[in-house]
Structures are given as C-alpha cells and as structure tokens.
C-alpha cells in the first residue's frame, strides 16, 4: 500500500460511494463527491513522490503504476481542473436528475486519466484508457438532445481508436513478449520494418481520436457541446490531453528511431495544421456558443499536435505549455458559457445578448481567457504561441507557420463573436433579471483566469515542470537555453521578456485610466438603447444587436475555399460516415443486451487467440 | 391613337355596361371612365388580366366638397398600347369607404395608406400600420378641403412677428413692433 | 490652480481657440438646404480650411446644421440628435424656413420659428443661402465662440422646462416619450 | 537614476511619436486637399481637433468596455512603440527594444484592434459591430502577406530581432533592395494596415456612421485619435527599420517615414473603395503571391 494505491482507491471508492449516496440525500452525495476530489488531489500532490511504484495483481498479469515527472505534468492538469470543475459542477448540476450517475462517471474519468499517466505497462494503460472513454461516453449521452447519434459517433471513433491501440499492443507483445512500455521503447529499434511502421501508426490513430486530429475529429464538436459544461471543461481541457500524452510517447520513443522520421513528422504536423485551420473556419460560422468553443478546442489541439509532431525541444516545450494552458483557458471559457446557460437557459448566440452588466465576473474571466486564446501578450497564451512559431520558423517549416498564423489570426474572429454576442450588444428586457452566477461557479473561473495572467509574466513556474517532464523523455535540460523565469528564447538567441511586457502594459494602462477617469463625473452612463441612430429611439421590444450572418463578408471572401473544403470534403466525408454509421447502427443499436453480446463475442475471440497472445 | 382608345372603350363598355361617364377627347393617350365603386375591383382586374394594363400608376383623390363627394381615381397604364386609363369612382364624403385592392397590385397598399391618412378614406380589409407619414395627428385629415391649414398653423406653431401672412417680408420687418419673448430667448432670436 | 479665476480664464481662451478652429458638423440634412453643404465642403468653397469638417454621428459632432424647413416629424429626431450631442455644441439655423417659416409659413406640419425649440446660435438668411453665406455664418459662429458667447447649450440646460414645453406643444400630447436628457 | 533616465526617455519617445504622428495626419489632410485642388486645413489642424475633443465638457459611456476600448488601443500603440528601436544602433531612446522581437510585435499590434472591437461592441450600436466584423475580416486578410514578408526576412538572416535586422542592413544594404518581393508584399499589406482608401470600408462614414467609433465622442475619440497617430508613427518606423535600413538620426527618420507614409496616402487618393470580401481576396491574391515568392527567394538563396 502506498500513495498510488490510496489515491486511486479513494477515487474509485468515492465514485461508488457517490453513486449510492445519491439514494440517501443530495447534500451527502455532493459532500462525498467534492471531498473525494479534494482529498485525492491533496494527497496526490503532498504525498506523491515520483519513484513510488505500485503493483496490482490481476491473475497472472501484474499491472505496474508509477509516476514520472512527465505524468506529473499531466496529473496537474487532471487533478487541478478536476477539483475546479467539480466545484463548479455542484451549483451547475443542481436540480438535474440522475446526478449520482453523473458524479460517479466524473470521478471515474479522473480515475481513468490518472491511471493513464501513471501506467507503466500497456495493459493498465489500455484498461484505464477504456475506463476514461466509457465514463466520458456515459456523460456525453447523459442529457441533451440527439444523444443517440452523438453517442454513437463518439463511441464509434473511440472504438476505432481503442482497437487500433489494442492491435498495436498485441503486435508489440507478440514481438517482444512484454507489456511494459519501457520494454517496447528499448526494443523498438530491433523490430522488423513493417512492425516499426504499423505500431506507431496504430497508436497514433488511437491517440489521434482522443486529440481530435483532422480526419478523426468528427465526434469532437458534438460530444464537447453535448456534455454538461462542467464536464466539458474537463473533457476538452484534460481528457483530450491524454491523446497528446500518448502522441508524445509515440513520437519521442518510436518515430524518432525510424529512418524516415521527418516524413512522419511533416505529415502529422500538417494534419495538425489542417485541423487548426479548418476547425477555426468552422468555429467562425457557428451560432451556438458551445459548438463554437468545441470547434475552437479542435483547432487549439491542432496547434499542439503540430508542435508535438515537429518534436524539436522548443516545439515540445511550446506544445506542452499550450497543452496545460489550453486546459486552463478553454476550461474557463466552457465554464463561462455554462454560467450563461445556467442563468439564461440557452447558449444560442443569436438570442443571448448584453449580459456584461448582469454577469461582470463571468465576463472578466471570459475576457482574460479569450485574450489568452487569441495569444495576445501579456496573458500567457502568447508565450506558448510565440514558442510554437519560433520553433516552426527555426526548424524550417515556413508554410506551416503561415497556416498556423492564419488560424491564430482568424481565431480573433470567433473570440470576438463569442464575447460580443453573449456579453456585449444591446441589452434585452428578457434578460433583465439575470444575476451573476453563484459564487461556487465564479470562483473556479476566476482562479483559472488568475493562472492565465500569472503564467503570462512568470511562465518559468510552469516551464520547470515541463523541463522535468522532458528530461524524463530524454530531452536535454532546457532551463536557461529556451526559457528563464520570465523570458523566453528561440533557437537564434532572440528573446522576449514577458515580465517587462506586463509592467509596460500596466503602466500605460494606469496612465490612460487616469486620463480617462479625470473629471469622472462629466461622463454619464447611458443605456444601450440610447445610441445614435439618425435620431430614432429603439422601442422597448426592438433589439438592434448585430447577430445574424455575423461574419458574412469573411464567409463571402473565403466562399470558394468553403465550397471546396466543406461542401465536397466535409459533407462527403460526413455522409460517407453517415452511411457507415447506418451499417454500424445494426451493431451499436442502443440495446444494452446487444452490447453485452458484442463484448462477450470480443472476449471469446480474444480467448481463442489467447494462446498466441499470452503464452508465446 | 384615337382608334386604339375607341377600341379599348368599346371592350370596356361591353364588359362593364355600368360605366356611367366617359371622356375620350383628352389629348394624347388618356382615357377616362367613371364607374360605381362596387365595380372598381372588377374593372381593375379586367384591365390588368384581360387587357394588359399591367402597371398601376397612381391612386389619387379629389375632394368635391360642394357635392359632398370624394372622387377616387385609379390610373393604370398599358405598356403595350401606350394608353393610360383613368378609372374614376365617387364616394360619399360623409362615409368614405372603399374596397381594398392591394391584392391586384401590391403597391396599391402604399397609396391606400396615404389616402387613408390624408383624406380619411377607409379601405376595407387594408392591412397596414396605422400611421404613414404624419405622427400623432389629432385633427381632421389635412388634405380635405375643409381643413384650414393656415388657421391650424397659427394655432399650433409659434410665429415670427411680421410673418403672419404672405406679404413681402421686408415690408413687415420695416414695421416690426416688439416681441413678447423671455429675455434669454430674445438673445437667440433675431 | 485650475480653480483660480484668472488661470481658468486662460484655459477658457485656449479651449475656445481650439473649439473655434475645429468645428465638426453633423451631416444631418433636414431639408432642401442639405444640397448646399457638398459645394461648401468640397473643392470650390473648401470649408475645411477653417477647420470645418463633417462628423458622422452626433456623439462626435459640435455643430448641428438645420438645413431648411423642419417638419414636426423631423423636429422630433432633430431634438433627439441635439440632445445626444456633447457639450459644448452649437446650432446653426439655415435658410428662411428656420427663421420664420419661409415659404412654408402656413403649412400644417412645418415649424416656423426654430429658436423656440432649440437654442440657435447663428441664423443664416436666404432661400437657400449660397455657400459664401454659409461660410460667413460659420465665421460668425467662430467669432462668437472665441468671445465665449456661443453658450446655447447652457441656455438649453438652464431653461430646459421652457424648451420642453414648447416641444411638447408642437409634437402633441401623445408624443412617445423622448428619452430623458442625460446631462 | 538609471531607471529614471529610461522612464524619461520612454516619455520623450511617446511625445515625439504623438507629435510626429499628428503632424503626418495633418499633412495627409493637406496633401489630400491639394490633390483635390483645395487649400485644405493648416497642418496643425489635427492637434486642434484632438485638443478640442479632449476638452469637451461632457461625454457619455455605455459601460466599462467603452473606457477599456480606448485604453487597450493606447496600450497597444505605446507598447509597440516602446518595443521597437527608433534609431539605428539603439543609441537613442533604446527603451525596451532588446526585450521583444517581431512575432511579439505582431501580436501586440493586434491587441488594440481587439480592444477597440470590444469597446465598440459594448455601445450596442449595430453600425459599430458591423464595422468591427469588417475590420477583423480585413485584418485576417492583410496579416497573411505581412507575415509572409516577415517570415521571409527572418529565415534569410536567422533572426527575429529588429535590431539584428537593422544591423544586417548596414552590412548588406537595405532590405528594400535585398528582398524586393518581401518589400512589395509588406507595402501592399500596409495599405490594409492604414485603412485608407480603398480599404476604408471599416469606418465608411456615409454608410456605417464611422463604424466602430460611432458611439465614441469627446475624450474617448480624442484618445483614439492620439493612439491612431502614435500607431501610424510606430508602423512607419517599423517599416523603416525593417526595409529602409533604419535611421541614424532624427531627420533621416522623418524623411524616410514620410516617404513611406505617402505611399498608402497617394494610393488611397486615386482609389475607390473595396468591399470587405474584395479586400480580403485582394490581400490573398498578389500580395500573398509576392510573399510566397519572397519566402521561396529566401529558401533558395
């Protein structure tokens, strides 16, 4: 018994207890849920030492778990976000039915993710991966409309990923007779060429599904927007990072040793960049705030995939920084949209308007996170983006830089669309009585946006962890070469001192504020109905906010591209997928019995080949 | 031109024996017919669908106050024949009610709104906002001849001394007497 | 120091100098006189050399030009626009119609004396005044500003009740509320 | 003491940028007037306008973002100003130019656009939001050739620092001639950056009532005007540093920036107005082609 056992035990036990506490009383369930999270997180961060090893014996197979510095970085995202999103979901989920089920799955997915980052062998990796997938699947279909279709999409892609991953594991075991991750890494170079290509490819398909990489992203926008926002903040912030986690392992330990690895890198970097560009364009034309953020998540994951695929030390630092930061700001944005939904009942951006005076703190959190997303200094998003650009330029990927830059600039459009439509614009009498979200929802958002600002001028605190993680992966120590506590460097020795940026910005800002607030009383507040409109006064029931066809000029400008890309490729792809789903629906028909039979069949098949797999 | 007008008139009288008056000797291409008001939609339909008068030029009104009548005039135009037909009808001035014809020409709606507001003619079944040009009008409709616009203006608006009538302004300025204004306002009116 | 009377005077002189030479005219054509503005602004007469330029919205404008007759319907909008402009602001009545009704002296929907409804700083006579006359009017206004006498907005604020009563009288009792004046 | 001198230097830079930017704005009006066969306003007209706007007695606001919008704009302008070297060799008001690089500046420069967009959004005026969507779309358009030009320079000389690029030009000659394609792409992108005709649909006064700024008056507008002037100076100095070899003294800087400034101004004088999608497609057409050519040139040579 050591800390790993205890932490995982607490999470698993807590999950089950929460489910049954629901039968007793709501308050008991809430207390058990949040205390499970808190105790697990505190125990983990206080007691956990990286060299702890825990063994679980399952029959003949021994599952080995231990925490490396690399896993520690990801477990910070998982547990930190888990605690905050858990706090957030207490008021957010209040009044929904079947809450014990939701909270159980919430805890189980954290349990699964924590298991993944500590897994030392592929069996436990796969088991925890499936726990994570299933629990998130159950939350995706937990409520909302059209759950059948969305759930099947998610399940299909997850199954595709899981089985390709399983195949890779089985192949690897058949060759090296060990499930250990390290064994595969160390003996990878001795495998035959076909296996050297097949294993990473299958793994990358598996991880690419979770990271919503370009051809495999189809499930993501629907699943992200359909899950309750309190979970989506984790789904997009932490769960998708498991795909990145796996990808880094594959790229660093396998593809590095391949003879033509630059081709692999280029291909996957371009897949990431395409994901970023296309998802950004789709995000611009969404009218639902959740959908917009979902597509935006896909786009941001595209940057991270690009960075991982490039794989230079600077790119790795950049993508790991972006991975953590994406967890922070995207979670905040999902939480803010959730807060809006909680108070107004809808996230349709053509309906909600003018909430800034009603929900100022939510707006503040959303604003800071949006600036972080757009990558504008002095908020932390800039640091990650800068390093990514520099790594691409210094590595010679010039066109890739343009693509990423286009996606990043176009991100301003959807960021503005989100902020304007939800919070700015004319106020609507319908939302007259909207209040600020409850404190338990606002505080997690503000804490997270505080991190965004903090990492903006002292990114070194996070770089330290990233450095430790990368050292584990075999990269040289990068402190001083790529970063200092508040300065970042590129390969050519140019630097940006981010703390000076912040000081400058604050100084100028204060000076301007003094000028603006001088003779404060001469500036009067007028309502948003009091606008200069050729002398007309909008009537009470008229709202002149600009809502529909928000980026029509831009849409017209890129219409040839849209026609080419979306109409032919995406629709064709989607309809092809739909046809495929129609076929698959006979298998996944929503009937639990059939699923059980399916699982049993799979186990039987597994047992039939057991000799080959386990004993050879 | 005369033959065309005669031919049109012949066809109209055959279809509508109710036509009471007509006048063909206007110069150029104008042709006038007068018809009771219950036949107006029918004749307009006929003109549009059977005879190619596709364009509604105007709907207007004349106030015959001495005869206690409003005369409504529908002007239609045939681009093929190059002929204008004036369809006149008379309404009782004390109860000016007319059938709505905006199902024949959509643009008739606008003219009808104007007539409703300026002459007080009610079009039965007209679907349109209440106000057209005037806002908050509280007097009799202003285009009626018994509406005294000068008296109304005198009653309603302030007036600069010396501009009570249509006399030459320079003359009245020469004879100007004092104005009854508050002191501050004097400063701003000269 | 700012409260000191003499220094306040100096500040006023400087501010008035700037105001005088930078008149943003609201492009809000009310009557036929609006057609005289393009030649005034463009190459032939070039009002920009006096610092006069157009502004698109009342928030940015200093001068409200009432270019010609004002129907009651337009008056409502003009009052609204005037109240949206920021202090200091000036009104120029343009053409005979604003002075005494002009050719619309007996019209049932055209006001005749503008200064009962809005504080007019300068009237420009004529039907229509030519661009030379318009520029002359602007120069008169500049002179008034420099002398500190163009305080129409102040008068409007101080005698707001009187102006509002006049406006109510002509706009009718059923006038939908004009939004409260927010100084 | 050292820090005090630095602060004084920074303040002096800001004042110079303000004065020069305003002067250029006035000269722009004068030149426009002369081309249209007018006398035009005196060249100090913009100072009077700004002073008058700031000294307006009252102003209105629709909420907190309307204060923050101009403030963001000013932060962006001044921040960018402080992070670029004004004169060659950094011997004169170096400010913070050692602490930032080109990509950093790219992002700091768009900070103001986003701030203005948010401020305009708060007012609730539909014209503002329409103008903002046009402006942001146009921005996505001209950033592409601009970034291509910058990438071409960066990969040619293996640096992202402006000071290094200026130093390179002392050795190799002006980049304007060394990398003509990059220069063409950057100049074409500059048309969009300055938002003069034909790319002035963002604030088209006749149809959008001056677009994003339509609810801003008084001190807000005055601040925006000042910030715009500073920003114009910043952009011109940046172009001078990157392509015209920087300037070793102040007169040289003035001459170079003024000549550069006259390019978009004179192009705007003879151009009608593009619609937004035309503008975006324009930037993704020939300017981007030249940008790609520049990158290709850098890769090959």
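Letters A, B, C and D mark the chains as written, and numbering starts fresh at 1 in each.
Simple rule for what comes next: a residue touches a chain if its C-beta (ideal position, glycine included) is under 8 Å from a C-beta of that chain, and two chains touch if they have at least 3 such contacts.
This one's a predicted model, so the numbers in the text were calculated from it and none came from an experiment.
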item: Path length in the contact graph (subunit A to subunit C, fewest steps); value: 1
item: Centre-to-centre distance between subunit D and subunit A (centres being mean Cα positions), rounded to whole Å; value: 36
item: Chain centre separation (subunit A, subunit B; CA means) in Å; value: 69
item: Subunit B and subunit D: spacing of chain centres that average the CA atoms, whole Å; value: 59
item: Shared-contact residues (touching 2 or more other chains) in subunit A; value: 524, 526, 529-530, 532
item: Of all residues in subunit C, the ones touching two or more other chains; value: 57-59, 76, 182-183
item: Overlap residues in subunit B, where contacts from two or more other chains coincide; value: none
item: Chains that touch, pairwise; value: A-C, A-D, B-C, C-D
item: Touch list for subunit C against partner subunit D, complex; value: 15, 17-19, 21-22, 24, 27, 42-43, 46, 48-51, 53-60, 62, 86-88, 182-183
item: Subunit D to subunit A touching residues, read off their complex; value: 57-65, 67, 70-71, 74-75, 78-79, 82-83, 96, 99-101, 103-104, 107-108, 110-111, 113-114, 117-118, 121-126, 129-130, 132-134, 136-137, 139-141, 143-144, 147-148, 151, 154-155, 158-161, 164, 209, 214-215, 218-220, 223, 275-277, 280-281, 284, 295, 299
item: Partner subunit C, residues of subunit B touching it in the complex; value: 133-136, 138-139, 142, 147, 149-150, 152-153, 156-160, 162-163, 166, 169, 182, 184-185, 187-190
item: Interfacial residue positions of subunit A with respect to subunit D in the complex; value: 354, 356-357, 360, 367, 371, 374-377, 382, 385-386, 389-390, 393, 396, 398-399, 401-402, 405-406, 409-410, 412-413, 415-416, 419-420, 424-427, 487, 490, 492-497, 500-501, 504-505, 508-509, 512-513, 515-517, 522-533, 544-546, 550-554, 556-559
item: Sites on subunit D touched by subunit C in the complex; value: 29, 33, 36-42, 45, 48-49, 51-53, 55-60, 205-206, 208-210, 213-218, 221
